[in-house]
Amino acid sequence: LVEFSTVTPDASRPTAEPDHSMRVRVYYEDTDAGGIVYHANWLRWFERARTDWLRSLGFEHSRMLSTSGIGLVVRDLCIDYRRPASLDEELIVDVSLVDARRASWLLDQRAWRPGDAGPLVTARLRIAAVHLATGKPTGIPKDIATRALASRGASQPRTLHA
Amino acid sequence: LVEFSTVTPDASRPTAEPDHSMRVRVYYEDTDAGGIVYHANWLRWFERARTDWLRSLGFEHSRMLSTSGIGLVVRDLCIDYRRPASLDEELIVDVSLVDARRASWLLDQRAWRPGDAGPLVTARLRIAAVHLATGKPTGIPKDIATRALASRGASQPRTLHA
Amino acid sequence: LVEFSTVTPDASRPTAEPDHSMRVRVYYEDTDAGGIVYHANWLRWFERARTDWLRSLGFEHSRMLSTSGIGLVVRDLCIDYRRPASLDEELIVDVSLVDARRASWLLDQRAWRPGDAGPLVTARLRIAAVHLATGKPTGIPKDIATRALASRGASQPRTLHA
Amino acid sequence: LVEFSTVTPDASRPTAEPDHSMRVRVYYEDTDAGGIVYHANWLRWFERARTDWLRSLGFEHSRMLSTSGIGLVVRDLCIDYRRPASLDEELIVDVSLVDARRASWLLDQRAWRPGDAGPLVTARLRIAAVHLATGKPTGIPKDIATRALASRGASQPRTLHA
């Protein structure tokens, strides 16, 4: 049983600088007949931000897939839909590493509209590395963790990767 | 702050009969380059099952949208990805109403492979009704709740809505 | 250069019995902020119908992928969006084999609302088999073609695979 | 009957400067179990490029939707899948206005990998404006056409809108 209670992001806490931010635009493909972003599509954007963050650390999914058959998968995820987003809006999606263990990483993500007081959507999730052919878990390669933690040490200014 | 800790489904508890079940098939569109179902796509299936369940109770999204501009939205969601699913597999997706309040309903959902000992993916989520033009919350219409609760009373056999 | 002119379906011709038909339902995931089905999503439904048709002939994508690394891909496609579909509607998607060559198959597909005089969306497309690791074309396995053509010979009644 | 034969892009003709280009990245969400981009997803990228092009001309879907209930829809489309794209690749998607009539615009689009001799995927399509509540066609607003044609006159250097 995943103890979600221990991993729920505390939205009232002032947010530190995220480890990575990227811009996304809301296109027709992202919306539904309710006129807002379809709830599952926020997960696509969160994945794009994680992938771009890992790429900025020198890691690419495709290389790990082709060389060792290992993929990073989401183990569990809690997401809080606070306010909707609409067609044509430009949003910012953040990634913050909360905890990096050998078997899994805990991440906070949020999406917000520039200028707003609070985020539209927040999530906390765990990713892990698995051998995709067998589903067997394996450790997240150490060099990625090392680089991720090293990059956190730097008091980097917020830079947007568009 | 959503208290996810109070709503996490207890996976070890024997599962009662769900209020609704539907079959889904894994098509190419659902998978990703890792060879398994893309994590966000389980949410699409869970929504299909909720929609079919509501339809079986006499409720249609489109009618509520066109007559009163009200839509049902997901407020928050926790999902636990236990095991992956692959291309061509046929799965069953369940919906169970846990708690029906005026402002929001709490639901358990799970997806499983027929014959397996446990589910592949489980989720707990809250849905609410909002005026889509303004985003303002409104109560979930009472007649839907009445019918949902009435249907739960019946010790219905598991019937699959394909 | 693909000569699309030779493959455009003639919509005025009375349609023969399709080789396969399946039902699809329009869910929130399929629609966009215009309130209608997002144009790319008709291709997802057409693919589901092709896959179910092939499965009914004893062919499964996953088996061909895992045993020989071969996949069926779309080579080219023309699609005509005549009328839109909306949330909650139930549609029927047809597949008809027009021409089966060794290297590629030509197919007609159409989606229609039961009771309507004409289809909502029609398409003509070519599929081919490729070694996915290299992208190299290979012939579509003969036994599939044999079974597809044999099944066409039967003057089968329209049966819906839900 | 749409006469696709008259609108098929001639791939052998040297391509003039497109009216707009944007970069897209291949994420897990875009791929399928075959390890390549799922065929319907190229249409999503083509739509993003059209939307960004229109935005650069001062047009936004959301404004036209909310002020007049008019949306731009795809009428018909031919797409030619020449070569696949894979996870993590960065591609460029072009839009070229071929013909702007009052009722519909004819567009060429293509996606290519920087440095490649030819495009991966090409398409020719027609878009039109409709009242979304009724499905009734209406003219594409003249000011958009005027700006689109004016921008074509300029012998603009290729600039990538990321």
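Labels A, B, C and D are assigned to the chains in the order they are written; within every chain, residues are numbered from 1.
One rule holds in what follows: a contact is a pair of C-beta atoms (placed from the backbone, for glycine too) under 8 Å apart; a residue touches a chain by one contact, two chains touch by 3 or more.
Computed from a predicted model, the values in this text were never measured in an experiment.
The chain pair from A-B, C-D or A-D that repeats the B-C interface, sharing more than half of its contact pairs by residue number, is A-D. Here A-D and A-C were compared by C-beta pairs in contact; the pair with more is A-D. Centre-to-centre separation between chain A and chain B, using Cα means, comes to 24 Å. Put simply, the C-alpha centre of chain A and that of chain C have 36 angstrom between them. Averaged Cα coordinates give chain A a centre that lies 29 Å from the centre of chain D.
Looking at chain C, one finds that residues 28-29, 33-36, 40, 44, 47, 61-62, 65, 86-87 touch two or more other chains.
By the touch criterion stated above, chain A contacts chain D in their complex at residues 25, 27-29, 44, 47-48, 51-52, 55, 60-63, 65, 86-88, 162.
If you check the complex, the residues on chain A that touch chain C are 28-29, 31-36, 38, 40, 86-87.
Taken together, the chain A residues at the contact with chain B in this complex read 1-5, 8, 10-12, 33-36, 39-41, 43-44, 47, 61-62, 65, 71, 73-81, 83-84, 132-133, 135.
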